Amino acid sequence: MTAPQRDKLPAGEAGTTPLVSRQPGQATTVVSAGSVQFGAEKVVVIGGPCAVENTDQITSIARQVATAGGSMLRGGAWKPRTSPYAFQGLGRDGLALLAQARQASGLPFVTEVLDPRDVMAVAEVADMLQIGSRSVQNFPLLREVGASGKPVLLKRGMMPTIDEWLNAAEYIMAAGGSDVVFCERGIRTFETALRNTLDLGAIAVLRERTHLPVIVDPSHAAGSRRYVTTLARAAVAAGADGLLVETHNDPGNALSDADQSLTPEEFAELTTSCRAIARAIGRDL
Amino acid sequence: MTAPQRDKLPAGEAGTTPLVSRQPGQATTVVSAGSVQFGAEKVVVIGGPCAVENTDQITSIARQVATAGGSMLRGGAWKPRTSPYAFQGLGRDGLALLAQARQASGLPFVTEVLDPRDVMAVAEVADMLQIGSRSVQNFPLLREVGASGKPVLLKRGMMPTIDEWLNAAEYIMAAGGSDVVFCERGIRTFETALRNTLDLGAIAVLRERTHLPVIVDPSHAAGSRRYVTTLARAAVAAGADGLLVETHNDPGNALSDADQSLTPEEFAELTTSCRAIARAIGRDL
Amino acid sequence: MTAPQRDKLPAGEAGTTPLVSRQPGQATTVVSAGSVQFGAEKVVVIGGPCAVENTDQITSIARQVATAGGSMLRGGAWKPRTSPYAFQGLGRDGLALLAQARQASGLPFVTEVLDPRDVMAVAEVADMLQIGSRSVQNFPLLREVGASGKPVLLKRGMMPTIDEWLNAAEYIMAAGGSDVVFCERGIRTFETALRNTLDLGAIAVLRERTHLPVIVDPSHAAGSRRYVTTLARAAVAAGADGLLVETHNDPGNALSDADQSLTPEEFAELTTSCRAIARAIGRDL
Amino acid sequence: MTAPQRDKLPAGEAGTTPLVSRQPGQATTVVSAGSVQFGAEKVVVIGGPCAVENTDQITSIARQVATAGGSMLRGGAWKPRTSPYAFQGLGRDGLALLAQARQASGLPFVTEVLDPRDVMAVAEVADMLQIGSRSVQNFPLLREVGASGKPVLLKRGMMPTIDEWLNAAEYIMAAGGSDVVFCERGIRTFETALRNTLDLGAIAVLRERTHLPVIVDPSHAAGSRRYVTTLARAAVAAGADGLLVETHNDPGNALSDADQSLTPEEFAELTTSCRAIARAIGRDL
């Protein structure tokens, strides 16, 4: 995966319609990742831990996610942490464990990539690449994942305006990527009762401005498991094409994001109550 | 309505449990305003124009709100406007028109009061007093509406933290008010695609911290009618006890908030789709 | 001080140039309050406690402010507090103590008014009326202080945009006030290391857009006395026409804002170091 | 410049005092970059264009910066742009032009690096590496510049709290870097009159919490040349160890940031007026 173009202008052209833009009358693009389809009738539920910790943990959680109605697994191999001394993830070893969990559960998986030098290795194994909230304007990384040809889950991050977020997707598409899914996860505001302020209005704006699907991560916005299900329900009612939910087989001992990870039982309840809402608005889950 | 206590400490005492706080196991307090109950099974829909303009306008809208399933009328007699040269409302004349519209439609009404010197006049006519977003820390006004004994709709405003908002309600209760309904309407953040960022996580936090009902105003957060229904659906799914929605019989010619007011048809569609969501979570509308 | 106009449009007219606007080539308006001039060569330093507590306290502080080079006294008789159970100020008794301190120190004083019903009483005694940060969009109050004819110190508050702040001054001037001084005191942002984020760029913007003077309150932005002098120096260098600084004879026992009040010695050091900066930019203090 | 450690924990240890922390009584660390010293008595002024465009442009500007009292050159070879279709910089060719301009002017230069794969190439030529505002939590990049051993100019970005910013520097130091200079450049808030809100209180907080120098970029906060000098003066008065100022020989035709670049004459006036302030607080410039 050389990136000979990274010192040059992308292939796209200024003045032409952006690749991410929804044309009048255009339907939402369905993005496939393994067996999962984003943007179709069915709301996708992605579950899994913040970080991959060991074989038993990730395999056990993957099976619980599948049982509870989830259709995709998430788990971090590389974890962007505020402190350099916090657990940074298992790296490439984590990728292998995710592949095992996929085998065991039948669920495709999405995982975050942080470093352009790791993109090829992740793209060879993962079903979908995640661009995390701190990387949404990491332009070399966006180009690299675009060039990989894999579907990309593009988180918003704490600061970008919707316009900047759309442009981040345009970087991916200008580099050759065609399958981008937006993921709103809360923005940084003055309010600190929740970790971040979930901006569900962004779903309505994205619907107008892009043909690409949009999902919601209620876990990072909440920062506490007590608030996750409320936000998940609201996201489905607002028309989200999917949910990205942190769940752990033993949240009390999780190596990261312990406070906001649901237990398997809570995760199952979330999918049940969100399914009822999805059906009330003419979708399913 | 003298306010002899306004130079003194309120009756409540530091160190005791705040009056707004939810005790362990305490149910949500049902607040009644005319025939309407906030905090019961049924989600309340309040509709009406930003400002009362004339008899025909407010009466016509009130009937449309009733027909579409709304159970309460809103309309501004005094309008807080950024510019001193913008339309400021009809004042006391507007109150009389609201009373006529109540008579014609059978709907009780809520209206904003801006000035402590107007509280008594409004309390004599209105079914519920609204504290607007710019007045949430107008402490003399909060005490006056608390002393009036009328139910109060307390908007959050663009800036207050949830903690400051709870304290605003405590001012009302410390002055003798017992019936306060919180109304989330979007906070001010860096994002400008919508007018404000609706903070639906606040519903989950308020449920823990107060026994009082909470409703949502999707119109002011949206700033555009295209986004109102999406936010309304999300609010009901998040567990809001009601909605406060701007609607107008002729939005294109409204004297204020023209862009965000729904037509009668849009308002009827909103109530229908929100009813389905309410039923999906075990409530009604 | 009746306010018969408060249900009607102000005297000003939409479409004409706002009264606050700086015309091309127009000099900064010098606003006088007692013996003090805002907007002239000399940078004004206002010192005093958050709240008036008793005769000895306010008189002692007033003398210390005068000795240290301050030219005006501040002190709150009515204090807007987040909790209804916190100390709310001495009210009208506090006004009398401020008048005594003026007599003892020779310094004119500015004090906040919260309630339109108190404006006349305050205007009879105070040299300048302060509109606090929570009242910047309390339109009935703005009209009342405008009608009083007294000079007004208009704080920005935590949320208003510069445009909203200018319109708040326009409310005062449309009601007949001519002497408004803006006071930047920090806005609410995501950063919590200081209480608020001081927006000194606002000084540059106001210089373009209004002919009225602008001063800075470094104390409320800082929230801690350790940061006050740094912000005060920066404000003077940015061209502020004055400083509003909390100082107390015994900060450790202050009834409010104890953490951010300077000792008399710190206050004297602040004026000395700010004077050097004022002279470096061709002014004095 | 291999980065074998990038899948593993950094060398530092949780629980020990962070490397960035100021110990009691510790003096500010002087960071040298070429002939320039950050954190000494003299306030450093860095000038130059947003982007390197061609030989004449960068050489001409470098000489003007030197003549006007600047002591270091800035210029972007890789430009992080919101849109993939905007000018992205000359890349490695730009580095060679910067080296020519250094030769012609005698000024060392700082330039931004965006991609971990470019760090070695930049480190071989530049006197100081800049981490831009969008990269402050790009952890692989922070580790790579730390491992390079070059001095690093670490911009804050629009979103990080001061605590996150300190941790970003800790990533650099944990990877072996010892010479980090912080650069405040404005945070993202609701206020849009200026591009960003310059947080000068951050200087006071960093003084307490770290032994490393801190400078200020007034240009990106201002977004317009009309406001740059006001912010620069305030920064020097607040104790900044340096300024990073955009200047261009022909701002009207600059390929990026045209609006906020000073002309050579404006840049010279800025250094003169800031020197007077520096001397007023016992420093020089």
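The chains carry the letters A, B, C and D, assigned in the order they are written, with residues numbered from 1 in each.
As a working rule, a contact is a pair of C-beta atoms (placed from the backbone, for glycine too) under 8 Å apart; a residue touches a chain by one contact, two chains touch by 3 or more.
Note that this is a predicted model, so its numbers are computed, not measured.
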| item | value |
| --- | --- |
| Chain of greatest Cα-centre distance to chain D | B |
| Chain centre separation (chain A, chain C; CA means) in Å | 48 |
| Intercentroid distance (Cα basis), chain D paired with chain A, Å | 33 |
| Approximate Å spacing (C-alpha centroids) for the pair chain C, chain D | 36 |
| Residue numbers of chain A (touch at least two other chains) | 159, 163, 188-190, 192 |
| Pairwise touch network: line, ring, star, complete, or other | complete |
| Parts of chain D lying in touch with chain B, wherever the complex brings them together | 188-190, 192 |
| Chain A to chain B touching residues, read off their complex | 159, 161-163, 187, 189-194, 197-205, 208, 221-222, 226-227, 230-231, 233-239, 273, 276-277, 279-281 |
| Chain C to chain B touching residues, read off their complex | 3, 6-10, 12-15, 78, 80-88, 91-92, 114-117, 134-135, 137-140, 143, 157-159, 163-164, 167, 170-171, 174-175, 188 |
